[in-house]
Amino acid sequence: MKNLIPYFTLGYPDNNTLKDFLMAMPVNKINYIEFGFPSDDPRYDGPTIRITHRVGNQNFNDGFYKPIFQYFKSNGIKMYSLSYYSDIGPKFEDFISYLISRGFSGIIIPDLIIDYYSEAEEKISYLNNKNFEYIPFFSPSTPDHIIKKIAEMTSSWIYYGLQPSTGIDIPYEIDYTTERINQLLPGREITYGFGIKTEEDIKQLMKNGGSGVAIGSYIEKMLEKNDKKGFLDYINKIRGVLDDE
Amino acid sequence: MKNLIPYFTLGYPDNNTLKDFLMAMPVNKINYIEFGFPSDDPRYDGPTIRITHRVGNQNFNDGFYKPIFQYFKSNGIKMYSLSYYSDIGPKFEDFISYLISRGFSGIIIPDLIIDYYSEAEEKISYLNNKNFEYIPFFSPSTPDHIIKKIAEMTSSWIYYGLQPSTGIDIPYEIDYTTERINQLLPGREITYGFGIKTEEDIKQLMKNGGSGVAIGSYIEKMLEKNDKKGFLDYINKIRGVLDDE
Amino acid sequence: MISAINSEIIPENWYNVIPDLPEPLPPPKDSKAEFSSINLLNKILPKEVLRQEFTFKRYEKIPDEVIEQYEQIGRPTPLIRAKNLEKYLDYGGKIFYKFEGATATGSHKINTAIAQAYYAKNEGVNGVTTETGAGQWGSATALAASLYKLPAQIFMVKVSFIQKPLRKIVMNLYNGNVVPSPSNLTEYGRKILSENPDHPGTLGIGISEAVEYALDHDYRYMVASVMNSALTHQSVIGLETKKQLELIGEHADVLIGCVGGGSNFGGFTFPFIPDHPDTEIIATTADEVPKFSKGDYKYDLMDSAGVLPEVRMYSLGADFVPPTIYAGGLRYHGASPSLSLLINKGRIKSDEVNQEEVKNAIRTFANTQGIIAAPESGHAIATMLNYVKAHKNEKKTIVVNVSGHGLLDLSIFQ
Amino acid sequence: MISAINSEIIPENWYNVIPDLPEPLPPPKDSKAEFSSINLLNKILPKEVLRQEFTFKRYEKIPDEVIEQYEQIGRPTPLIRAKNLEKYLDYGGKIFYKFEGATATGSHKINTAIAQAYYAKNEGVNGVTTETGAGQWGSATALAASLYKLPAQIFMVKVSFIQKPLRKIVMNLYNGNVVPSPSNLTEYGRKILSENPDHPGTLGIGISEAVEYALDHDYRYMVASVMNSALTHQSVIGLETKKQLELIGEHADVLIGCVGGGSNFGGFTFPFIPDHPDTEIIATTADEVPKFSKGDYKYDLMDSAGVLPEVRMYSLGADFVPPTIYAGGLRYHGASPSLSLLINKGRIKSDEVNQEEVKNAIRTFANTQGIIAAPESGHAIATMLNYVKAHKNEKKTIVVNVSGHGLLDLSIFQ
């Protein structure tokens, strides 16, 4: 089964609305979930998600989410944290221990190999030793040799962002992208995300060997409008598209 | 025997001095002689000879020279007139009759194919019909096809000027020149003139197939100085050079 | 030059350094929380340019229509061995120079202007617009637009517009509409003029006017430098140079170029990055704009008006005001992100030269090689002369990019 | 451009048209009875130049040292098919242009300047000297002298010296010493200045000063145009063009160039004379200097001062003073003897164009091809545009010589 990975910034638009959406989500249609820990400087996110961080920062409260994390964990859904190294760097080990304690399977750190490349190797080894998945985040601007090197240091799935930042409508080329990635990372499980535009694109990505898609900005917009029905329909629709493949 | 062709402007520096030089000339050392009929516009002559024309124009007097012409004729020396077409053109036929009456063998007309090219063919035919030699005058600026064409219309010897005008010290290239001329006019009798610089050059010209040299400016200078001895020595010396070959 | 070999020298593909960088390139980011200037790019850049801005593709096919115009404006440009200069310097090595001044508008700027105008034309827009300081970029934009029969609206910083009347003539000859900025063609310009009718203008104001004009008239905005797409288009310089060196069996030991926004430098040197690991690469700036030695490697605004995104680069601060140096094209406060990264990682070195050195370098180059280099390019030449002096006994093959001629900047010698 | 093919395009020999003329060329003659200005040439020209002036040799070997400098200053120059212009004119034929503006000093003048300076250097003289009007020739002389490390003393007509300060800068960058003429460097100049300190100068005075300076300082005088040796050196233009056309399998049906003294025109077209009997050849002059239509084919002075010999040519009279037209290089009253003869014999046709046509032609050429042509070259372009209009349906291959760029003459558009 292809993976559908919804993304949520914790605390957006408010704790209760988010909980409402999360609990309504049909757990049999997803297998991974991505939680954004609100950042002070979500610089590689687009305007939609940037706002969710600012709001989430006000609202996030571990006590509120602890049972929710527990709920997903017990339903066999793997949880991944999206966190900026600029936020967690100073207290990296504590934060990883915290994530483990909350049942998370791994972490995505979009700025680690961009802005802290010299520290990346050490941190990835640390996570490997903890048996905690480090999910490499690559994008069009990740050089080939770095994609190879980082991928070799890990064995988990890989997150490939089609856009320079989330929710930005910049032309991308699916065939070239998958060709590149398949060549650099043969046989690897790849999730595509960051501004996928159409169902057609999703189909194409899966046809070309992708193993899943991550959906973020679109969901945040429905949370903002409190459109739970729209959200559920959307999840079902994408699930259908993925299953078609 | 190679030809030595001395040149004199009639009437220069005065009739008597010129006569004195002419009569002193050893007739066995020369076989052609060239007489310049003073021109109003000797434009293809250098400064030395230009002056002789101006002076000669004042002095020339047919009656004075008639016996001299007779003297050379009777000594078997062929006489050639050097005349500008700009002077003789209007009374061309009369002038040719006059030359014939004075025992001349032919005529050199330096400006005919330069400034009156369109009339040249007709005039040359006229001379041919009269059995009067037309001596083609060529120079570095005569185009190849014209050298060929004019030469084919005549059978006499040919006057090749090494310089654009007489007595002008401009670098020339003997080997190239004779190569060109021999190629364009194989087997033809060629006299070189117009500013030959050294005895070495004369030797070289003869060695390369030239049949004679014409000497002008140098002689005029000795006439000017009334240096008869120098003149006779020079004639002897050049004769020697030619005979060496 | 029309000859059998032309098609062999002009490359078929541009080269994009992104996939070969030593580390991932920090992407552009929005400087304001609510407004996405990255999204704005979507509305003002041709789609293809935007795509190229973020592509990982190492090679980007140059459209046939662009190659045709490259040939029309004088590509390939010559690579000439500066034998007279070698003799003058008594240098045992070899000095080559690539001469972008041989193109129609007299500098490398035309290389990206043609590409951008082509993509704009292809998308059926009404015209193109841009800002210009000293006028090099405005000239290139005007000609490129004219080649594809597009109108061009150029906002020229008012003080330069007044000081450089010849540049305006050039742009007019190329069918460009040039106005001094601030102008009354835009709301932004009108607002500034109403506050101060004698405002001398700035590049930031010019950019803001051009962007507003593009949005209002369905024009596209033309990017002079700094951005990755511009550097990719400029790679034609380096790719030709590589090919030309190859044809004569030479290997570049040292590459030298000058840096304003980084486009001629990146275009010239980046194609050597993947397969010339031992080639020394040196970026020259003006003493007065010491971005690499005194600037920080940080996220900063591309333009003082904050219209375009922030990028991570060496920067002296978007509001840095350099002294009025004679090399207008080197006054920019930052440098292209990819170049900045390569400098930060030590792959590319930097150098700074002062006005006197540059003037002398231009003089020496003129009276030995005959070429009067642009003041910007004079910096690269000055660094090259210093390099030769410092490495007198090493017989290196040095290649310097002379990004433009200085025939419209002669007044600096007055 | 450095490439394997360069050496194939730059010819090994110059071409001299003399042996291929339809009739013998009337030689130069002295205008004064007592004084031989032809002899004077002997003292002021390098021996080799003088020899070439009167040689019948069809091919003259270009010395290796000259070929090396030809490469240094940008030869071969490009031959470009003006596809944009063809489209703009909707012309079914082909238009090519040879671009001499691509050389270091921006015009063809450098081709003969290098040769003359080389021969002067070879003969161990102290320096070279010449006069210059608008400055093109002075720039070429200064650079050529600098390339062979000879001092150059340039007498620039005073009024131009004042009006064109940029030209002076260029010559200085090329190590040339430039003074306004009349100057106090010569007796002749001092005499004129003592009579009128504000004398504006003339080309004739400049020539007299240069000749005097050459005689007094063991310098050699450099000949800009008109004389045969200069045309022979310029034949590098036409020989390259022939080769370039050959390489792409094209045949020139029509050749067009502009005529001042005739050097760029002769250099461009004469190499086609011997083996292209059917090629139409058209010489363009300015309406204001109608030498071919209103001048006489006669012996006349080469210079108004009467220092140089008389030659047979089309002339409006050595004291002809044309209106101050924008194309300084076309103001000369006569035209090279060989060209005059070819026109007189009908082998070459002539055309005249007016200022407005020329300006429009330069504009059209600029915004289609990107090249801002020199005003002189603009005349050739104007004739070409008229030719295309008049022969719209004949698919000719037209080749036009663009003898220089106009970047230092932009003020005509002000």
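Order as written gives the chain letters A, B, C and D; numbering starts at 1 within each chain.
Simple rule for what comes next: contacts are C-beta pairs under 8 Å (C-beta built on N, C-alpha and C of every residue); 3 or more make two chains touch, one makes a residue touch a chain.
If you're wondering where the values come from, they're calculated on a predicted model, not measured in any experiment.
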{"item": "Shortest contact path, chain B to chain C, counted in steps", "value": "2"}
{"item": "CA centroid of chain B to CA centroid of chain D, Å", "value": "38"}
{"item": "Separation of mean Cα positions, chain B and chain A [Å, integer]", "value": "106"}
{"item": "Shared-contact residues (touching 2 or more other chains) in chain C", "value": "none"}
{"item": "Multi-partner residues of chain B (each touching 2 or more other chains)", "value": "none"}
{"item": "Category of the chain touch graph - line, ring, star, complete, other", "value": "line"}
{"item": "Chain-to-chain touches, reported pairwise for every pair that qualifies", "value": "A-C, B-D, C-D"}
{"item": "Interfacial residue positions of chain D with respect to chain B in the complex", "value": "18-30, 33-36, 38-39, 41-42, 47-48, 50-51, 53-57, 299, 312"}
{"item": "Interface residues, chain B side, partner chain D - complex", "value": "43-44, 46-47, 50-51, 54, 113-115, 117, 139-146, 163-165, 168-173, 176-177, 180"}
{"item": "Partner chain D, residues of chain C touching it in the complex", "value": "1-5, 9, 68-69, 71-74, 76-84, 96, 102-106, 110, 143, 146-147, 165-166, 169-170, 172-175, 244, 247-248, 362-363, 366-372, 407-408, 410-411, 413-414"}
